[in-house]
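Okay, got some structures for you below.
Common to both upcoming complexes is chain A, partnered first by chain B, then by chain C.
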Partner chain A sequence: MKNELEKDVPETDAYEELHDVPAKSRLRLSWIGKFCLGIVIFWIIIALFGSYLAPYHEAHFIEEDLTGNEFDDPSFMSPTRQVLLGTDYIGRDVLSRIMWGARTTIGISFVATILAYIVGIFLGVTAAVAGKWTDAILSRSIEVVLSFPSIMLGLITIAAFGSSIPILIVLSGLIYAASVFRIARALSLDIIVQDFVEVTRARGEGLWWIITREVLPNIAMPLATDFGIRLIFIILFISSLSFLGLGVQPPISDWGSMVRENLQGLANGFSGGAIATIAPALAIASLTIAINIIIDDISAHDGGSLSGKMV
Partner chain B sequence: MWIMAARRILIGIFLIWAVSAFIFLITQILPGDAAELILGQTATDASLEALREKLGLNQAWYTQYLNWIYGLVTGDLGVSVAGGSTIADLIKFRIGNTLFVGGIVAVISIPLSLSLGLTAAMMPGSMIDRVITATTLGLIAVPDFFVAIFLILILAVGLGWFPSVSYLRGNEGFLKSLYVLTLPIFTLVLVVSAQMTRMTRAGILNVMSSPYIEMAILKGIPRRTIILRHALLNSIGPIINVIALNLAYLVSGVVIMETIFAYPGLAKLMVDGVQTRDIPLVQACGMIFCTTFVVLILIADLATIVSNPRLRHPK
Partner chain C sequence: MKAKPIFQCRDLKIEARPWAQEPIEIVKGISFNVFPGQVVALIGESGSGKTTISLAALGYTKPGLHFSSGEAILLEKDMINLDYEEKRLMRGEHVAYLAQSAAATFNPSLTIGEQVIESALLHGALSKETAEKRAIELYLALELPQPYMIGKLYPHQVSGGQLQRLMAAMALVEKPSLLVLDEPTTALDVTTQIEVLKAIKKVIREEKSAAIYVTHDLSVVAQIADHVVVLYDGVIKEQGTVEEIINNPKHSYTNKLMAAVRPTPKANLIEQSVLESEHSNSALVVKNISAGYGGTNKRTPTKLVLHDVSFSLNHGEVVGIIGESGCGKSTLARVISGLLPASSGQILLNEKELHPSVKNRSLNELQLVQFIFQMADTALNPRQTIGEIIGRPLTFYHGVKGKKRDEEVREIMRLVELPDAFMNRRPTEISGGQKQRVNLARGLAAKPTLLLCDEVTSALDTIVGANVISLLKKLGEETGISFVFISHDLSTVSSFADKIVVLYAGRLVEQGTVQEILSPPFHPYTKLLINSVPELRVGWLEETLKKQSTEVGISGTVEMTDVGCPFYNRCHIKIEGLCNTTSAPLTSSLSGHEIACHHLDMALLE
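== the complex of A and B ==
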């Protein structure tokens, strides 16, 4: 059936122009964008398979060297062939913990971002479509959430509930759902007043049809580019909480808590311990900067940052 | 204008109320109550009852809420669960430290970032602009503690110029305190200025793309004159807005900074409170930070209203 349809379509230039797929130029990245895409893909692979590839378990203590001699003090060892990035404050392999930590940090942030999107889009579109009162109530409540600095909301909630991975996910997901709500609502309000929605209404379609067939497809693309920004914010937020000792709890490794745990090693300089602090910090930074540059690159081709080049 | 401003102020008051309600709510949904938290699981029923009586936990929730609000306003914040000293005393000692650092950071970063933002906006696409844009983007994209760690590594560990822990006894002179606090101040200045510079640049470029500026360009007026004479005055509203918003960002920056440098400020007090689950302390500190945040954002919005003639004289 599908093949027959395709056959019927005349292959003319006019058809090409009508095509729904965005122009190819949109995803053409500059070399630095490609490089950053490489970094992100690298971290995704580490997040998925790092725990299998890592030389040690995240909670494994390095007690003896390769020939079986016991270490006097395995903490804050300098890099050797056995431990490529040295050991942390209680003698665990830093490289392995970073590889395991990728899964925790990226995994939690990713799930939290998805949650933020589901809740934010659902409420945002509802507010735009469902009418004045629902909109007013939802918008005011969201304003309350946004009137907290996010780190304060985090601190207060964790003081009450304690910290665990599910709580971290729900907490950051809900906090950042507020900003997704605002974007989704604003975008849907633009769509809702268009003629084609009015036609659908006149045809007698229900609210569900309008949301799923008219609004959602039209706001999907701008929301997708926003996903990366939201992901960065959530990575930074969760890392900050972990850094404060209020995020992911030991012995699970996580980049933010690794920085905190090994902070005392910083004073020893590179010969002992500083790498244990710097490596996870660099891991977070490389990931967030890379995502940021990719977004910048995409929006530059989209005309987003053209305003900077104008005048 | 007055109606708009008054409405905005009313919204601000509503938000502060909502924040207080949320922070209060936390205690109500806690498993168990503050008395159990203080005395631990081994406490007898009688002693629990006595403590509840003393803390007023037997009253209805709305009485508790009103008492708490009354306490906040009159400065009677209750007793810290952990230390036993009154929260008001703890906060009084710490809040000065935080304000000291915050004030110095504001004094340095506001002029710095305004001039950087202006420079970048004056020659968009130039080398200077690209360097400024790239650096600030990098600073925003990394965690605050990342900046702090590198400053410690270079300036404290590598070069040994400044101490990496900012402990003040309280009897140092101004210059000595400033020296001890160099790294935390430097960190915060970098983090806050990065945001502010970008927003200033964007604000001015936004004005620059309006039709009247285009007219001025077409008339052949030099770019520098256009920015300084035409664009700058019209960007004052947005710029005040940017300043207030960034002072609000300081609220979150200060939490990380005080932890990493072990600086005895209000945010460190709060983080310690969260770790020991000292709920009354967390509530009081949270209320102070959040109120400051709401008020700063209110100022930002009011600045926008006051500085915009179209909002000042609505048709």
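== the complex of A and C ==
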């Protein structure tokens, strides 16, 4: 009996510590994560090829039905075989506009978010790692940007430069870079007080190594989680500009302005145009929620904390 | 024992269910009883499931764990199957939990008194007045200073040992029948440990409550427990009364635990390898170093932490730096590495002066001194693989790249006894002891002549810590590296070092070879440290507490004074009017080593 018990206690000296943790398998999504990944891939395909697949051009007015009879009032028509999601307030095919709009909405906000991230992270991490004067100057300048309401800042810039898609991208990118800066700096401040950064400082490593190898990889995950939210903010920001007539200019369609311009249809109920507002809103929601769930899923596997909260 | 047990564990099984993986059994069928008034110790190394089992007494598992079968019966109720509300009523009133780190358990923005009586008020068990009265009773029983006032203080205003005792008061306020203590002294200095052990032991006796005491330290168990349960990998290896286990262990694993208990430092038992000072070109000389924090100018810190510290170290030697937490040990290491530039004094490496700041040192100087941080958990970047971590100093200092680097990394990993397969793992995928080896390996990869080891074994449990020490010894012999070995644990230091430097409140109070430090004459502080190392026998605690030096020593706390001897308020042989006005210079004693004390050698002999 005694000998039997003793067998399972390792006798070697070198590895007496218990439980060799198995190597983790990286990036495995749950079924809901896979489903959301599907949604995102679907929208990316629509964004890339939607203009070829759509039944009509985004600026095309539906004037006659399939048999050639002219409509009295083509605006806010309920769905038929001809127009699967009905028509909008001036009689354009909602489905086609959503398909065309995917490119504008996803394209502009995605590029703008990436711009915001590149600028914000670079400045934020530099401020945190370099500290002292660099930090003071950068932080105070960013606070100036943040102290303006973003829509005011947008109005002034567009008043000065006019509205075009490149301007919209740079504008929203820079405005949201300020909030990314704050998050990146705050996250980095937590990292740079850790011992492993102290170790690299003691080794004599330069600023570049500390930023790119020690700090960035450790803040990547929380920043990625933030990416989805930031993307939504930028979609909404561009939509509000469009609502004021300063964003994406007609006849180019984008989801945000579709929601706004068809708002009056909501009052008519489903038979008379509510779909023209709800459909693009659902498009925005499906994309942003799907992105968020995927990010949560990845970080749940990575850190393990989220999965516990979800159960 | 004829009485009915208060708590019964019956074939308890607990498993972890990782995301999308097979369940792993953590606790594999544990049975034991706790009788009224009995202290049962659960002992085992980290990962043995001892904390998980102790939490079952509260009907609680950590997130991700589930009770799979068995019972945990407290006062005839199975804690596992109670619903949330019933568990809530049991907790606090019948069973209380004392966590390892009091500092992390107290809310810094509430007063201590509010927190101590909080659970009693929440349960409606006591009225506010009776609860406060009860708290004061407990403060008195736990021998806390100013028992009528301490409840009005905030957690940061009392010392770590006091906070640990206050947490005991918090647990005891509702007179629970069972107390669960999870390593309550592990994070403390030896002197503080005595103070807390004494209070906990006394209060358990007086309150007649039963207790489950979780620890990995057999010598602590010997002082406090009645019954011992030895655990390994979620299985009971042996259980019996404390006398049986300590004096007559049956299982080989218990023997292994016994062997890992740090030996009591005794001068005559230690083989002294006194290095001949013929080739006395010193590896490191620290001359009159003062350093501190705060202030805008580095040369004039607002708070001085180190006062005029000097010592030297020959090639291949190990100098141990000991003292309680807050005495400036880690600051000294940071000063030598240049992370914290000294405000005055000199550091000579291989007889060449080093610039005080790391920013102004040459690549070669940086390479020769490597700093091994205390916590391997935080000192390794979780986003880099072990190969990258160990390989970076090779590339950075020696320009080794590609395949050659991988080869050298493997060689270093073999040196610290890590398997090659770990190269592609990340720090989160290996155990605590293995992380500490990686931490060491990174330092070695720079090929230094001096390694600064800051408490490298403190965060590890005894068996793993002993392994790391023997590895360090082996490395010292094989590579001829000199070590500055910082620890609060005198027994670890004396088993490894050639010389010892004793720091107290930022001042050097005694230095010499291990032999000299551990034999009289002693500085009163060194004596207190030596007497505080727990011994592996029943009754040691009571014996030590009777000694006058211990009694005075553990009642005071460290005070940073600018005038007089810093140890004045804790010294059992202080000279009124001299010790509190003039600080004693370092003078050579009879045996030839240096002591900073006003007493003549003869008084320090005892």
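Here, the second predicted complex is superposed on the first by the 193 of 311 C-alpha atoms of A that agree within 3 Å, B and C clash if a C-alpha of one lies under 4 Å from a C-alpha of the other, contacts with A are read in each partner's own complex, and residues count from 1 in each chain.
As a working rule, a contact is a pair of C-beta atoms (placed from the backbone, for glycine too) under 8 Å apart; a residue touches a chain by one contact, two chains touch by 3 or more.
If you're wondering where the values come from, they're calculated on a predicted model, not measured in any experiment.
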Looking at the overlay, what does A:30 touch: chain B (first), chain C (second), both, or neither?
-> second
A:217 contacts which: chain B (first), chain C (second), both, neither?
-> second
Return first, second, both or neither, reflecting whether A:199 touches chain B, chain C, both chains, or no partner chain.
-> second
Between chain B (first) and chain C (second), which does A:158 come into contact with in this model arrangement: first, second, both, or neither?
-> first
Contacts of A:232 with chain B and chain C, given as first, second, both or neither = first
Which of the two partners, first being chain B and second being chain C, lies in contact with A:266: first, second, both, or neither?
-> first
Once the two structures are fitted together, what part of chain A is touched by chain B and by chain C alike?
-> 307-308
Chain A residues touching chain B in their complex are 143-144, 147-152, 155-160, 162, 232, 236, 239-240, 243-246, 256, 259, 263, 266-267, 269, 274, 277-278, 281, 284-285, 288-289, 291-293, 296, 307-311
Which part of chain B faces chain A closely enough to touch in the complex?
-> 11, 15, 18-19, 22-23, 26-27, 29-30, 124-125, 133, 137-138, 140-146, 149, 152-153, 156-158, 164, 205-206, 208-209, 213-214, 217, 248-249, 251-252, 255-256, 259-260, 270-271, 273-275, 277-279, 282-283, 286, 289-290, 293-294, 297
The residues of chain C that touch chain A in their complex are 19-20, 45-48, 63-64, 232-233, 235, 237, 250-253, 256, 337-339, 358, 361, 363, 366, 370-371, 373-375, 378-384, 392-393, 396, 417, 424-425, 428-434, 442, 446, 463-464, 467, 470
Chain A residues within the chain C interface of the complex = 2, 5-6, 8-9, 13-24, 28, 30, 194-196, 198-199, 201-205, 213-214, 217-218, 220, 300-301, 304, 307-308
